[in-house]
């Protein structure tokens, strides 16, 4: 199975990024985690992304805050799908990271998820790998069913509490 | 080869969406185009997305403006990768469509591209299909090389004009 | 008397939504509370809204955060008045929920209230039912009178404290 | 049948507001149109709204731009449902009118629709009147069916054009 | 001397508004404080403002949050200078109150100060009264001098600490 | 009668600023117009404002776009009421000028009006002068009456056109 | 004299960027112009910036729109001062480019100027070079004097027209 | 070596500004710290900036919040490079300070860094001085190398923790 790369611009992003790691583990999708900075270790970021396809990656999640260039910098050096995960930092509530990640110029797409949306970043990478992996697709489908069941259970609980 | 679905909330989105169609044609990736509205033809949207994997789709691009729910409505009914293309409409410069598309709740990811970023929506769908399609991946890589060459040519032209 | 439906996208919205429930109880307007997700239980959301008029509802309040599609998803399946209650979540201060709720396309209105404005969502649903219910309209009017009196009392208290 | 009041802060809002008038006519719902300004004719606005229920109105649409106080000023003097229609003006793309209309304090709801969303303002008022008017509710339902058919026809047309 | 009216939409605005009261007291400018709501006690607000000039007021400060209509509602009923003080509330960081206060239509100005800028609201009212009151103008000038001296003292303290 | 100073940061602001000049002329309030830049002629701006009270001014209107510092720079050198008129320029729709004008620090108020709100800037300056000028106050009041009459006439015209 | 590098992400930025080129020519500061894309020619961007100091550059102006990563990508590979020039593109009025340029992480500064502020980008680069170049500093000072004189002349012209 | 001036609008900015001071000390670049207010001590601000070049400064960092005019006020009186450091205050998350600092009119540039980006403000000033100071440039380069090493070490640590 193809691996998912998870890279973050700073280890301060880890509390959010961990949710992506744990989600991938739930699905038994192999992943590789790195701290790579578009601005502070550009050479490492470049090498990682240039070799990502050859190294067995199927998608790369890039998490960064503020002027979040990491996803774009990764995407500039690979034609694998790159998933941008904008991280909220101390000012502007993450809108800076969102716009810096999503407003990519024509030619270099970044698949952007919600601010701090680490679980969805992971699920998106799994969906990408599942396009050609029936078993994984079925796991995704049964997770959806589980998720529905939980909401339905919550609905029952709350209906019981308030409706009578 | 897996097909790419392209759905739009209204035919008024077509001038932007056409760029996605033409990009897919350049890469000889089969696509199927539909007008489907999360709010006005929810049943059709549901059926399309529920059956999309079985019908041979590998990714779905969903374009919509304003309170752009289409991508989310598609994503709610399939575990295929869904690409959200926010369309700028007459007010708010597209920020409403961007936030309505990207800020998805945990469990249902939408891979969002830039406002009016139809070419990138198409490229992202191609990248997803190319994960398991070497030939297509090579096409993407050579397009990148072409793109670089054009920029380099532009650089020469403009350098020649202004530097002397 | 027609009932008011109160649906929320997630039980985490309950602390806000409860204010709507309690307001309806104050007015003895019957209500039914559900957890329904546009994205995680779309089928349940569809069924609830398709049958809402037949089931005796007069208005539906839909509360959701982030890319708040719930009100729109309900409104897509009923022509009852649907009241959108945008919920503030961990990023963007609720502006994402507000725009996702209010910027609906032509044909499918959502009556949107303030971010976290649960009391007003309830009052609006009561006003709708009161259009053809004189007694309820009078209750609304006397509540207004009460409200005025409270403000006038506050004015007296504060005038006395600061003006002399 | 209850009438719908349509009031606008300035006759410059008429090009947008006319769409509401025409929508109400399509449904044969009687309406009464006024220019009333929260700031320039506050007395007239007050009298109109204080007497609106007695004068046979079932809902009031209030359209205004910039610091759009009209809907709130109407709502302060009636417990009928008041629908706020924020109008885009020369600066800020209508976000000022949207926030001034929707962010109402607890106790005085305004049912806000999209910026320049005049058709939806009218439809919402019709939905409110249709709560106790079966025939009108059926008209709304068949309009929805019509609308769906148009989208489905568009879908056929565009599918035929691009898919082959 | 003319009085300054200080009105607030809700007594929850008092912690901010008190700074305006205390500033006026420092300058011995008489003021009168009221809780008046554009939406909840519109009649009281109207009467206060209609009679304000006759009652010896020279300026009115109106503080309100969210869809802050109070300053506009006061300004609609008097031609005295009305100072709008936007109050930050639980969502949107006060930008809703700011836009609702400042974006007034032509004909009805509101002199808006910073979000939560109660001291400046008071100083502005004092400046207005000081236009024809030499002694008060001199007090304002000497306060400025005091303020400068404090900054200069701070500068010395901090220079001493960091420069050596 | 006290004069009103009207200063603008650039002569490109003149098309907006002229409306303020013409409004003052309608009320026969003397004004003096200057081009003064906080950044390009700071010395002239300083001298104008330092001497403004002695030179018979009662209020100063300062119009500027982008990082609109002019009103603040004037206010820093006088304790006369300074009215800030934010001008919309080629980007950001005037929100930069609005925030730069209104968000003044404690101690130095600027009475801010709407973006491009030149008429209101003038009216506010007239209101300030009218605090101690009964005749001018009466002129303001009769203008209000005129304004109301115009709206009422518009109301009649539009009522006649649409209601029958 | 040190050269100024001017790089732009796309030749579509040229109409704005040309103003920087012409400003540098007015001051006889040598410049070198390039089209370099952070995403489409990352290698060229890297090489240019890595060698910039050795190649005699004293500052680099980087112009880009949307998710404007170019200035950051240049700054990641040189410790020369890098000036970020955010370019307004078809959506969001340039706020995306501004935030993507200015919100840089600690360690890699970008000196950001106004959206489309090409003249100021050039002036800033000249100021940087003038720190150790007395003659150039004097040119900057006399330009300021010229600029003041123009404003003073405008002031005279407009004073004469409106004041009498 | 040229000195760096660090000025702040209020001593409440000191917790952020201190990071700039400490960064300059790390590089042994002499600095001088002042509290200077564009609005409260305009004369002191003017004198400081007018004499800054003669007094041996090579760059000036100006920190301010809200309607942050300080950097502009300094830049108006010197042709030295002025670095604007927008400070987040109690409302609007610093966007007011950012826009007030960066959106300078043509002719008077301010080199703006991120909101609360004090370290980068200092580094930018060091980069400016290092343009003609080889030794300092080398220090900057080796700091970059250090920074890279730290990230690489973090990468190892985190890789080891999550990849196995």
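A, B, C, D, E, F, G and H are the chain letters, set down in written order, and residue numbers restart from 1 in every chain.
Criterion: a contact is a pair of C-beta atoms (placed from the backbone, for glycine too) under 8 Å apart; a residue touches a chain by one contact, two chains touch by 3 or more.
Note that the structure is a prediction, hence the values are computed from the model and not measured.
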{"item": "Shortest path length from chain C to chain G (each step joins two touching chains)", "value": "2"}
{"item": "Each chain counted as touching chain B and chain F at once", "value": "D, G"}
{"item": "Contact-richer chain pair (by C-beta pairs counted) among E-F and D-F", "value": "E-F"}
{"item": "Euclidean distance of C-alpha centroids - chain A vs chain F, Å", "value": "51"}
{"item": "CA centroid of chain A to CA centroid of chain H, Å", "value": "34"}
{"item": "CA centroid of chain D to CA centroid of chain E, Å", "value": "35"}
{"item": "Chain C: positions in contact with at least two other chains", "value": "10, 37, 40, 66-67, 92-93, 95, 102-104, 107-108, 110, 114-115, 144, 147"}
{"item": "Pairs of chains in contact (touch as defined earlier), listed by label", "value": "A-B, A-C, A-G, A-H, B-C, B-D, B-G, C-D, C-E, D-E, D-F, E-F, E-H, F-G, F-H, G-H"}
{"item": "In the complex with chain B, residue positions of chain G that touch it", "value": "10-11, 14, 21, 31-37, 40-41, 44, 66-67, 90-93"}
{"item": "Contact footprint of chain F on chain G as seen in their complex", "value": "88, 93-95, 114-116, 144, 147-148, 151-152, 154-155, 157-159, 161-163"}
{"item": "In the complex, chain A residues that touch chain G", "value": "9-10, 37-40, 42, 46, 65-67, 69, 72-73, 75-77, 92, 95-96, 99-105, 107-108, 110"}
{"item": "Residues of chain B that touch chain A when the two form their complex", "value": "2, 53, 58-59, 79-81, 83, 98, 102-104, 106-115, 117, 119-121, 123-124, 127-132, 137, 140-141, 144, 147"}
